[in-house]
Each structure stands twice: as C-alpha cells, then as structure tokens.
Amino acid sequence: MLTTETEVGIACDSGAIKNEELDKNAPLDPASCSGVWVFSEFRRGALASVSLELLGIGRKLADSRKVPLSAILIGYETGEAARQLIGHGADVVYRVEDPALVYFTDDAYGAILTDLIREHKPEIVLAGATAIGRSFIPAVANILNTGLTGDCTELSIREEDGALLQTKPAFGGNIMATIVCLHSRPQMSTVRPKVMAPLAFDGDRQGQIIDVTPSPAQLVSRVRVLELVVSEQDNVNIQDASILVAGGRGLDSAKGFSLMHELADSLGGAVAATRASVDAGWISYPHQVGQTGKTVAPQLYIACGISGALQHTAGMQSAETVVAINRDKNAPIFGMADFGLVGDLFEIVPKLITRIAERRKSWGKS
Amino acid sequence: MDYFLSEEQKMIVETARQITNEYIIPHRAALDEQDKFPRTILNAMAQADLFGIPVPEEFGGFGGGCLDIVLALEQLGRGCIGVGTAFAASSLGIYPILQAGSQEMRERYLPDAAAGKKFAAFGLTEANAGSDASGIQTTAVLDGDEWVVNGTKQWITNGGEAQIYTIVAITDRSKGPRGASMLVVEEGDPGFSCGPKEKKMGIRASSTTELIFKDCRIPKDRLIGRKGTGFITIMKTLDSSRPGIAALGLGLAQAALDEAACYAKQRVQFGKPIIAFQAVQHMLADMAIQLEAARALVYGAARHIDAHPQNMSKVSSMCKVFATDMAMKVATDAVQVMGGYGYMREYPVEKMMRDAKILQIYEGTNQIQRNVVGQELNKEYARVSVNG
Amino acid sequence: MKIIVCIKQVLDAKDVHLDPVTNNLLREGVPSIMNPYDQYAVEEAVRLKELLGGEVTVLSMGPPQAEDVLRQAISCGADHAVLVSDRAFAGADTWATSYTLAMAIQAIGAFELILCGKQAIDGDTAQVGPSLALRLGIPFVTCVQKVRQATDSGLILERMMDDGYDVLSVDYPALLTVVKDINKPRVPSLKGKMRAKKIEIRKLTAADIGADPLCIGLPGSPTQVEKVFSPPVRSQHTVFTGSIDEQIDQLIDSLKAYL
C-alpha cells in the first residue's frame, strides 16, 4: 500500500496562508453590485432539478430588485441546457464549456465562478445545497471575502434596504435562523433541494446565451477525478425525491427494506432509513436521514417502524406531510405525524401497496 | 447503591459499558443463533485495553485487581455472558502464568495477552475429572529437553480460538495431588489439536471444544512454576477468577431485571400497566433485592481478595454461589414477568435464562462451592466456641 | 505524517429549543458533546497514523470548557491537543472561524493533512472545511466516505455525491471533510483515558496566533443572525382507528393529492 518511490510528503509551509492575496480581494462594494445569479448544476448530461428550482426563487428576487436573472452553466457538452435555463426563467446564461469541465472539481469550478463574479459583480448568488454546491461554494465565498448562508429554506428581499433575508434551519431543524450579509457582496446562499418551486417551462421565453472560454489556469485542478460511480441502487438521492418511504428498527431485517422499496416504487418515491437500520447493515448510508445523515424535505414522508427519536426527526421535520406506521401507539413519531396508522407494518404495507396500485389503475382507466 | 469506586474503576466501567452497548447488545442474538465466536467484539475489547486489566504494568497491562476485572465482567455480562465467558476464559488462561510463571515466561506471553493480540484458554476438565480434579488422566513425561503430553481435555472454553493454553497434566502419578503440573501449550504445537465445537444450551457465542494431545512435544521451559505445583496453581487461579463468574451473573441479572421492569411498565392488562399489580411488583422487588445483595457480596469479596490474597477460598466460593444462583432465579423470573413474550426468541430474556444456567455449573459447580464453604467453616469452628 | 483534526464542541442539537417567550436559546441542561461528525475525523486520523506513522493534533476553537472534547479525542488516540480560546472570538461566523483556525494552524506548524467533520450539527453549515482549505491554499475534498489508499505522498478517496460517489486522488498537503460512513470510531481505550486525564492542553489566544482583531469574532463576520425563531409546528395529528383495512381506507382518502 505504501509507495516507496515517492518522497516523504512535504509538510505544508505554513506561509502558504494566502492572507495577502485575500486582503487584495477586498469585498465587492455593495453599491457597484447588481443582478441575481444562479449556479446551474450540470452533471452526467443533465441539469440538477434544484437548478430549475433556484431559477424559480431567483426570478422572484430579481423582479423584486428589478435586475436581471443570470444562470451560470459550467460543464461540457451541455446541449440544450442553456435553452432550458432560459425557458425556466433566466434572462442571461453564462455558459462555460470545456472537456476539462466534464467532471466537477472544486478548483476549476471555483476559479471560474469566482472570476465571473469578480468581473460582473452580481449582488446575489444562489446555488443548490447539493454535494457539489455545498463543496465548492464555501470556498468561493471565502475567496471573495463575503458571507455565505448554507441550506436556506426561505429567501426574500427586505424592502427598506434591499438586503437578502436568508432563512435556514439550525440545530437539526429545532431552530430557524434568518441571516443577513449587509456589508459585503455578493450575498451568497445555498438552497435546499425541493424547497423552492420551479417556474413552468416556457419555450418562447427569450434570453441571451453568453459563451465564456475558460483560461488554462482556471482549468487546473489539484484533485484528480479517477472515476464516477453511480449507485447501483435505484435512487439514493433521497434529497431529490418528492415522496420518501422510510424504514426503521421495526423492519427487523434487510428483507424488511425490500418491502420499503416496493412501497416506494408504487408511489414513485425513494427509500430512506434511520441510523439504527443503517448501522445494522440493512441499507446503505446514503439512505440515512437524521442528525448524522441527510436532511430531507419531501412532500410526503411515510415512516414505517420508526419510533421517532429526535436524531431521526431532525432530518425530516420539514416534510410537508408525514405518515407514521407503527405498532406502538405511544411511539413519539405519532406526535409529529399528520396521519398515523397503528398496527403491524408487515400487514399494513403490503395491503397499502395493493390499494395504491388499484387506485392508480382505476385512474388510468378513467 | 454507591460502592465508592475509584476514578480508574469508573473508567473501566464506562469503557466496558460502551463496548457492551455498541458492540455486544446489537449482535448478541445473531451470535447466539449462529454459534458464532465474537472475534470482532474481542478485538474491540483489545483495542480498548480491557485485556490488560489483570496484567501487571511492566508487561503492558494495568495491574488491576479482582474488583477491576469484576467491574468489567459485570458490564460485559449485561450484554451477553457468552461473550463475557470468552473474555473471562482468556484471563483465566493467563492467570497460572501470572501467578506462578517464571519472569521469562511472563515476558514471553503477557504482553501479547495484555494487548489482546493473543487469547488464552485454561485446560483442566477431562471426561473423568470435573468437580473431582484428582481424576486427571492427561500426562506429561519429560523426554530430554521436551515434555511429551498425552490425553484429552474436555469442554475447554476458547478451544480452537485461543493461541495460549495453560493445561494441567500428571507429571508423577505416584505423588497423588502433588504429581500434577501446569504447562503452556501453544496453538500449532506438534501433536496438539482441538475437537469440533460443542453444541450448547446457552453461551453459544463462546467456543467450547476438546483439546487433544497425541505425543504432543513442547519445550521443557513450558512448565509453569515448579514440577508438582499444578494443583496449588489451579486452586489459586480458580479462587481469584470465581468472582468474575459471579460478576457475569450480576450483569446478566441486571439486564434481565431491566428488560422485565421496562416491559412491566409498558404492558397493559385490565387497563393498567402490569407493574401496577402487586403480584408483579413483588417479583420485581425480589429480583432487585437479590441482585443488590449479590452485588454487595461480590464487590466485598473482590475487595477482600485484593487485600488478602492468602485467604480467599471461602469468600470466592460464597460470592460465586450466591450471585450465580441469584442470576438463574432473576432470569427465570424475568421470563415469568414477561409471560409469553418472555418465552419468545424475539425478546432477550429467553437467551438470558438459557445462558444463566452455565454460571451455576462451570468454574466449579455450585455444589462444590458449598463444599468449599462448608470445609472452611469446619476448620474455623474447630477453633471457635459458641461463647466466643 | 502530521495530521491536524479540527473539532468542535456543540450542544446536542436534539435537545436544543427556543424559549417560547423570549426566543432565547435554552442551553440549560443541554449536554455539550463532540460534534458527531468530528468523531469520525478523529478516528480516520488515528487510523492513518497507525498506517503511516506520525502524529495527530486535535484543534478546537471554543470556550475553555471545549477542553472536554479535546480530551475525548486524546482518549481516542490523538497525540496532542490545542485549544484556541479568546473572548474576542465570540460571535464568529464561518468566515471568521476559518480565518481563526487557519491562523492557529499556522501557529501549530507543519502538517500534511487536515481532517474535519462534514459539518457541525449546531449551525449545519458545512462551510468551515472548504473555507479553511482555501485560506491555507491547499486542495480539499468534502464528504469523504472512504480512504481507498493512503501513501506517504497522497490519498485515493471516495467522495460521497448525491447520485453515488466520485473516486479522487489528491497529494498532500490537503484537507478532507468526512461523513459518518468512513469508519466506526473506536471505544476510547483505558490507556487513552488515562492519558487524556493528564495531558497538558496547549492554549492559544487571539494574540498568540497573531489574529487581526477585525477578522475574528463578530467584527470579522460578514454574516449576522437577524433573528431566530421556532419552526412552525404541525397542527393536525390524526391517528386513524379501526381495523387495518379501515385505517388504510382513511389514509388513501387523506393522501389523494399524492397518489
């Protein structure tokens, strides 16, 4: 495992702190900044759905500030993506294409976005609170010497001073906080998927596509991408699903999760899980919701055999509608569920699957 | 009750408790069902330094005493006494080396044992020698620079899993009890093998096998202590290890009481949780009283042993009998409180009741322990009159 | 191999609520713990040390009582502990925090690798790791779920993505943030606990690390908390009654919108 031909790692020279460089980047002057920007995530040949949601809220903010809404599209062979962004509300698309950008890297994406922001001075920059957005946006904010509010669930403009009010959950959702960034620009936020509504696609909408050629320096990445591995399981991106079927300790085994998958399939949703069932090895970690897992906000969350420990509910309390199925009628999950079914989930869920199928079939006929 | 444990002892409790909660309890049912040796759990215990508790500091251990090991075993017993037995048997296996081994021998075996890199086992029992240790038939004969061992040990805990085996063999049959000696056999010694795993009623996570010696040749310096001191070493070893078995009983009983009491709080019959019924309350109260009395006795005995290592047989036997009989009773009553649920494998008390039985049998049956106490009393009262 | 792990003491988020009247954070009786993600970072650092040799230093910015989490990290196998503590740090947002940590790391000295938890469970920002790397001028990888290979010159890593994972390679010096899947933290050892009790924790103030007063604490924070409030509670809780079939009927009716 240890290579012998390489030198022993060179310790970082602590002088590498680029304070002088950061000092040069005094924050942009609020007076000179204008426009709302949205970073549009493009991966494996498709736009992330959160990018369209961002255009929805971005449009509102831009209209309220009476400024244009621009989308930043970075990638390679993005095809119709720019047109799509315009159709969903963008006035301008800055499109940066290069074969080197086919894979996301923090260095290249960060450098390109930073330089574009310095050049065009937007007042607001939004990105999805996805794996990619949460990775490189903090570094961009830092190099621009401006503030960033992560995982926002609500954004609005304050009338008096035009400040962006950024509301986000903290302490696992037990507390909401509204954050402002008054003196530096741009005001930057990452926004949780599935929180904002996209605008309907309008093919006739007009917009401008500006192609930007990246410089070789911008394309250098110190982290090398060796391979992209898509999860072999149907859908591990539980933050993107509008319906989640979640299983807990009450499932008793990995087999129990095949029932969860069946129910999720019948609803067109994805499967989530509690920490206990992930730790027991019944399902993989990307499915975990809660304090040390993911935070989700689907429209419908069906909790099966989940007692409702706060470590779990911290990750799903923003769900629109919560259904709990548990045989213990005193389980705390019923205290936060909109609808509760008391009984054996192994009896309830198969029946529920049948009923949903019947229901969908009868609608299909009518 | 506050037993005034030292900071270090509290640390041991905390560490063993964490191992129990994180590593043992989630897996105990599967280990039991599959008769699976808990190697991963033992490795975690090794990483947490638990194997070092009884080993002197100069060999990389903690130099802990009887109470220290009791505290660790009580916590492990709360999770699974099958796992606890595997751990306890390893301590038992190195005890003869600790007690009677030469400095050289201690240097050779104790550091690895303290680090949990090597497990140990203790080989006394044979087909015709259980409670009556004088029936031992395994022999060791000196042939030049080597001992030649022949015979078969039975029901040896950690058989096939340990790397270090301390065994008893007759080195001079003409001398009766003074003709027995203890020797170290290592995994892989020529002529030494282990039989298949026995199928047991309980403690199924622990491995129990025969040790088979067929002209097994081992170096001369594997003799523990002097020739003919085997029985003395065995007695000292068992006297100091029995409170550990008692501690497994404390842990098991605590777990059974916890399960039964929680169940009784939740289970509703005739419109009330069943803990509200006096019939159930009294059962739980008796369980709690017996458990606390046993704990006080075991801790007291362990402290006595740590202070008076020359005079420990009676207290050691007393605490083993009391705590393990108590554990059997409490586990049985826990099943009773939980009724049909208690009898189902889905709930842990079923396993606890099966497991508890071995505590009354191994490391000297509780009948033999009563003999020891009785004989000690006989000696004491030879000197004491009723009027003091 | 010199590894620095940045850890944070946090209030156990599940117990944190606001006073319904004053809207103040109710801290009383809420236990302080090591940020759960940081435990995985400490464990991974100790594993890398065991594999490659070297030393692990844990670093925390916080009040004096944050010593507790540093000692906990020592009991789990870290070698040295540094606490950066100063009243002037109060009110720091992620920008000011990453500045402070960067200055502290400069004071600590050379390193090959910095590890952080993916995020802290109080602010849930996940920003300090990347920001700190940026300030130190080193590459970073967030959400590492596995170290596939570790050598004296660099690492091959799996970064958790929304749709799977990316396999990446990076040379030292570098910074990683880790997710829970990366390992199972060990139970603190008895020897580790003994060491943790006795160890001297190096304490650094704002002046010790040469921090610019305008870059730390509240003055150094571009973002401010405007207000905090409790999330809206779910008003209706309907627990259905009747047979299983009747309950399912009622549920299907209630969920019309989603079916």
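Per-chain numbering from 1; labels A, B and C assigned in written order.
Here is the rule we use: a residue touches a chain if its C-beta (ideal position, glycine included) is under 8 Å from a C-beta of that chain, and two chains touch if they have at least 3 such contacts.
Keep in mind the model is a prediction, meaning the values are calculated, not measured.
> Can you identify which chains form the pair with the largest number of contacting C-beta pairs?
Counting C-beta pairs in contact per chain pair, the top pair is A-C.
> Let me spell it out: compute each chain's centre from its C-alpha atoms, then which one is farthest from chain B's centre?
So the chain farthest away from chain B turns out to be A.
> Taking each chain's centre as the average of its Cα atoms, which chain lies closest to the overall Cα centroid?
So the chain sitting closest to the middle is C.
> Averaged over CA atoms, how far is the centre of chain A from the centre of chain B? Could you give it in whole Å?
54
> Centroid from C-alpha atoms only, then distance chain B to chain C, rounded to Å. What do you get?
Spacing between the chain centres: roughly 42 Å.
> Could you work out how far the Cα centre of chain A sits from that of chain C, in whole Å?
About 20 Å, centre to centre.
> Going by the contact rule at the top, pick out the chain B residues touching chain C in the complex.
7-8, 11-12, 14-15, 18-19, 22-23, 44, 47-50, 52-53, 62
> If we count contacts the way the header does, which residues on chain C are in touch with chain B in the complex?
Listed in rising order, the residues are 186-194, 197.
> In the complex of these two chains, what residues of chain A are touching chain C?
Touch residues, chain A against chain C: 1-3, 6-19, 22, 27, 43-44, 48, 103-104, 106-107, 130-132, 134-136, 138-139, 141-143, 145-151, 165, 168-184, 221-231, 236-237, 239-240, 243, 267, 285-286, 288, 291-293, 295, 299-300, 309-311, 314, 317-318, 321-323, 329, 334-343, 347-348, 351-352, 355-356, 359-360.
> Can you list the chain C residues touching chain A in their complex?
For this pair, the touching residues of chain C are 1-2, 11, 13-18, 25, 36-37, 51-52, 93-95, 98, 102-103, 105-106, 109-112, 121-131, 133-143, 145, 149-154, 156, 158-174, 179-181, 221-231, 234, 236-240, 244-245, 247-248, 250-252, 254-255, 258-259.
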